[in-house]
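Presented sequentially are two complexes of chain A, the first with chain B as partner and the second with chain C.
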Partner chain A sequence: MTRLLGRVFAALVGLFLVAPVLVTVASSLTTTRYVTFPPQGITLHWYAEVFRKEEFLSSFALSAGVALAAAAVSAVVGLACGLAIHRHRFPGRGALEAVLSGAFAVPTIVLGIGLLQWFAQMGLASSAFTLLLAHLVLTVPYTVRLVLAGLAGLDRSAEKAAAGLGAAPFLVFWHVTLPAVRGPLIGGAFFAFITSFDDLTVALFVVTTDLQTLPVRIFNYMQYDYDPTVTAIGTLMVLFAAVAVVVIERFVGVARLFGADAEQHR
Partner chain B sequence: MAAVGRVADGALSRSRWRTGLLLALPAIAIFALLFIAPLFTLVANSFRTQTGAFTLGNYERFLGDPFYRGVLWNTLKVAAMTTIGCLLIGYPFALYLRGRSPRVRNWLALLLLSPLLISMVIRAYGWLVVLGPNGPVASVLKWIGITPPQLLYNDTAVLIGMVHVMLAYMVLPLMGSLDRIDPTLVPAAKGLGAPAWTCFWRITLPLSAPGMLAGAMIVFSLTASSFVTPAILGGPKVKLMPYFVYTQATTTLDWPYAAAIGFVLVVVTTGLLLGYARLLRRGNGDVVFG
Partner chain C sequence: MSTSTTEAPAGTAVRRGRLRLDGVRKSLGGKEVVSAVDLETEPGEFLTLLGPSGCGKTTTLNMVAGHLTADGGVIEVDGRDITGTPPHRRSMGMVFQSYALFPHMTIADNVAFGLRMRKVAAAERRRQVDEVIEMVGLGGMAGRHPRQLSGGQQQRAALARALVIQPDLLLLDEPFSNLDAQLRVRLREEVVALQRRIGTTTILVTHDQEEALAVSDRIAVMADGVIHQLDRPSEIYLRPGTDFVAQFIGEVNALDGTAAGPAADGYACRVAGVTVAATPVGEPPAEGADVRVYVRPEVVRVGAGGNGLTGSVRETRFLGSRIRCVVTTQAGTVTAALPFDAEVPEVGAEVTCAWRPSDASLTAR
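The block that comes next holds the complex of A and B.
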């Protein structure tokens, strides 16, 4: 009896968790001109509509470009910073670690408005580049943390053995060190990609009317239109995220990203 | 010989010091220029008038105006209600997960984390459809014969949307705490004749308190500072601090006042989050899946 009750409860929680996605995907197929669930009839009209809307396509290109750059830069910066923190003593190391682990505690909206005012003070006009800079603050702490976890699991004697056998430092790095952090690095880069791609809060402060990322475009569109185009975009974005999640799960484990493991980095 | 060795050591450590600094330099630059500097600018601006003179007026205005005090109060209220909601759903769910096989646990954990991995806008939009006038909730109510009430643009809509995202942050630390309870304690108490309810009340619940505390802290502060979900599901009618940071900065264009509201928000939430990080580091967060 308790067992059955437990199952029913877990199923209800599961339904609650997937409800918004399920309903979005289902109602993207409706033939009506408004969003409704259950959908009336089946059509792919709204998907065609997405690809007809120029502004959505250009926003997608902007978002994807910035997210790709954010993923690449945070992987490289994260690797370098992880190696520095794990292996070297240098002035400012403690402060850097404190900032990296404390950055998440500052509300994103506060970071957004801080960047808006700081960029304005510096006379930096908003562009894809400033957007990338803003997103790095969100993504780099994750890649650093994942790289550090990878390095913690690496046996230093393997590197010493390689060096002792005459391998040049670069070769040791390439053949011994890098493979040990490759998983965390790939997982971290993918996570950086979705973080940047999905960000709305910071982007809202950095964008202008003719430079809108996809989330900003959707957010603005939603204020005026209630047609099913958004549900079609939503479905495409869910598919997109699902691919990234499979990759992350394979390389680092999703739970680890959200602090569900103690060996953060020491 | 010894002296030579020491010199070599010194040279080595200096060169390693330099390598370290060089490797960390990009990250240092990013955080100095794009994190520390903006936050300093924000704090400095919050003490300025629109023309640039020093003032405490922005804070006086915030704390003196009953409207904004109400906004602060409502923010804390919604955050507290979300925390309680997460606890009420999350605790039984964590207990359920504890007894499952690693495979089932992994799947359910992924399900639990899935809202965090889907675009915020799309997730909130999904709730807009679920709770909307043509959504499933309204259809079911109509089918039963009840005129569906307005489900959107109020505190309840925000609460539902927030519990949905925040549930994972509550369940993960709870599972960590539950997993750390000595598995022989409950059977021992049962063997001595304690009823199941007493076992739960006197053993499981107190021993999982650290996880509850950690979960409550992070859920409360993340909810108080979140913008997207409340903005979409609550709209202008649900008055929360992050919404006013946004409108003051982009619509009213009163940057110093927006900065002051933002800074009050930081004071309210950051302390709690840093406390959470401390709890995690002390070892209350090592949830292991599978």
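The block that comes next holds the complex of A and C.
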């Protein structure tokens, strides 16, 4: 009986999580000029409409570019930071760790306001670069955490063993240290990509009318036109994320990225 | 270095690897953990650094391996000064308590690692890897990952990985401590047999006295960063040179007295009015000097009459392989561990405790 209730509960939670996505996908197929669910008839007209609107395409390019850069930079900086914190005792180490852990707690809207001020004071005009900086504030702490977790699972003796077997410091890093944080790095980069690609709150403060990420573009568009183009874009974004997950799953395994690999590092 | 000298056939092991430490020192975190350690091995020797945790034995080993740099002193292998050489340019195979295998590589890849670093050609590499994996008894396991192996198997793999590069020295850092008691004894016997066969000088670090006695050609007993005594296991056991060595390894009777002078066999001293004899460790003491005699329970003979400390038996206890007999003598309590088939005295009986002078040690106090 409890088992049955458990299943029902699980199913309800799952439905709750998936329902908005299903509604979005379904309503993108409607033939009406307004968003409605269930959809009236079926058409791919709104998808064609998305590709006809150049501003959406350029926003997608901007979002994807910044997200890719955020992923790459987060991985590199996360690795460097993680190694420094894990391996070395330096002045300010405790403070750095505290800031990195605390960063999660800062509401993104506060971060957005702060960054707006900060960039203005520094005389940095809005650009893809400032957007990237803003997103790194969100993503680097996470990557550092993941790398630290990966390093905690690495036996330092293994590095000593490699050195003793004739591996120069870089080769020790390449053959022993890096494989231990490979999962965390890919996971961190993946997280950074999604965070950056999805971010609306911080981007709202940093962008200009000429420079809009896809979520900002959708948000602005919806204030004037609430036609099914936005649901079509939403569906495309879901597809995009799904493909990314499948690709990562194929090469690494998503579960392993998020720490479900206790057995691996035992 | 990349050429592979083929394994010498059993029985004709090439003994190599003469390690010499001269005044090696190391401070960590402002505290001197190794102070002026001198040590020289014979090629092919199995030498153990024995001591409690914090005695500096692991620090010493790490300096030999190059993971720590000595603050002072010289480390030489076969006459080459390697004091400042980084670990990857030394040729040392090291085995760790935690096995330290590379978790993402198969056993074969783990073992092949050192050969890859030495740029040994693939075919030759495979041949040597197969050979050494076979040698440590892991045939058929080459394709597995470390986590699929038991602790004992992982340590065999680590040993294979260390041996395949034919190192100048084999360094073992508490390699048996993570294994359960039975496996520990079995694996250490295998390691000793293997070491005898390949003749590579081996330095073992352990805190386990029994293990040290069982495997070593010589033992260096360390405490507080210095070597207290460096000698064969039987010498260390029967003739401890310092209080620490006497107390750290097994049980001991420590008797205080004054030096009386050389005797026919050993050196005489007066303990509580009785003349007993023992073997001085190092320089014999001056006559009349305060000395301490160390006698292991196993060498004490308990009988009626004869020369030695006299007293009454306080208790006897059957311990299986030995019978423990405690005698209250004029010099205090003397414990004897009598052989299983010895004649056991009654409690309260008047007895004499005696020993061969060569089985007891005498040190200045």
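Here is the rule we use: the second predicted complex is superposed on the first by the 232 of 266 C-alpha atoms of A that agree within 3 Å, B and C clash if a C-alpha of one lies under 4 Å from a C-alpha of the other, contacts with A are read in each partner's own complex, and residues count from 1 in each chain.
The criterion applied here is as follows: a contact is a pair of C-beta atoms (placed from the backbone, for glycine too) under 8 Å apart; a residue touches a chain by one contact, two chains touch by 3 or more.
What you see is a predicted model, and the numbers here were worked out from it, not measured in a lab.
Touch criterion met: A:200 reaches chain B, while chain C stays clear of it. After overlaying the two complexes on the shared chain, residue contacts for A:160 are found with chain C alone; chain B is out of touch.
Residue contacts after overlaying the shared chain place A:168 against chain C, while chain B stays out of touching range. In the superposition on chain A, no contact is made by A:142 with either chain B or chain C.
Look at A:56: by the touch rule set out above, it reaches neither chain B nor chain C.
Of the two partner chains placed around the shared chain by superposition, neither chain B nor chain C is touched by A:251. Counting residues of chain A touched by each partner, chain B versus chain C, the larger count belongs to B.
Applying the stated contact rule after C-alpha superposition, one finds that A:176 touches chain C and leaves chain B untouched. Of the two partner chains placed by superposition, only chain B is touched by A:100; chain C is not. Contacts of A:115 after superposition: chain B is touched, whereas chain C is not reached. Where the contact sets of chain A with chain B and with chain C meet, they give residues 263-264. Chain B contributes residues 13, 16-24, 26-28, 30-31, 34-39, 41-42, 45, 89, 92-93, 96, 99, 108-130, 132, 134-136, 139, 164, 167-169, 172, 176, 221, 225-228, 232, 242, 245-246, 249-250, 255, 258-259, 262-263, 265-266, 269-270, 273-274, 277, 280-281, 283, 285-289 to its touches with chain A in the complex. Of all residues in chain A, those touching chain C in their complex are 155, 157-158, 160-169, 171-172, 175-176, 179-180, 182, 263-266. For chain C in complex with chain A, the touching residues are 65-67, 86-94, 96-98, 100-104, 113-114, 117-118, 147, 158, 161-162, 165, 171. Within the complex formed with chain B, the chain A residues making contact are 6, 9-10, 13-14, 16-21, 23-24, 27, 34-38, 76-78, 80-81, 83-85, 87-93, 96, 99-111, 113-118, 121, 133-134, 136-137, 140, 144, 194, 197-198, 200-201, 204-205, 215, 218-219, 222, 230-231, 233-234, 237-238, 241, 244-245, 249, 253-255, 258-264.
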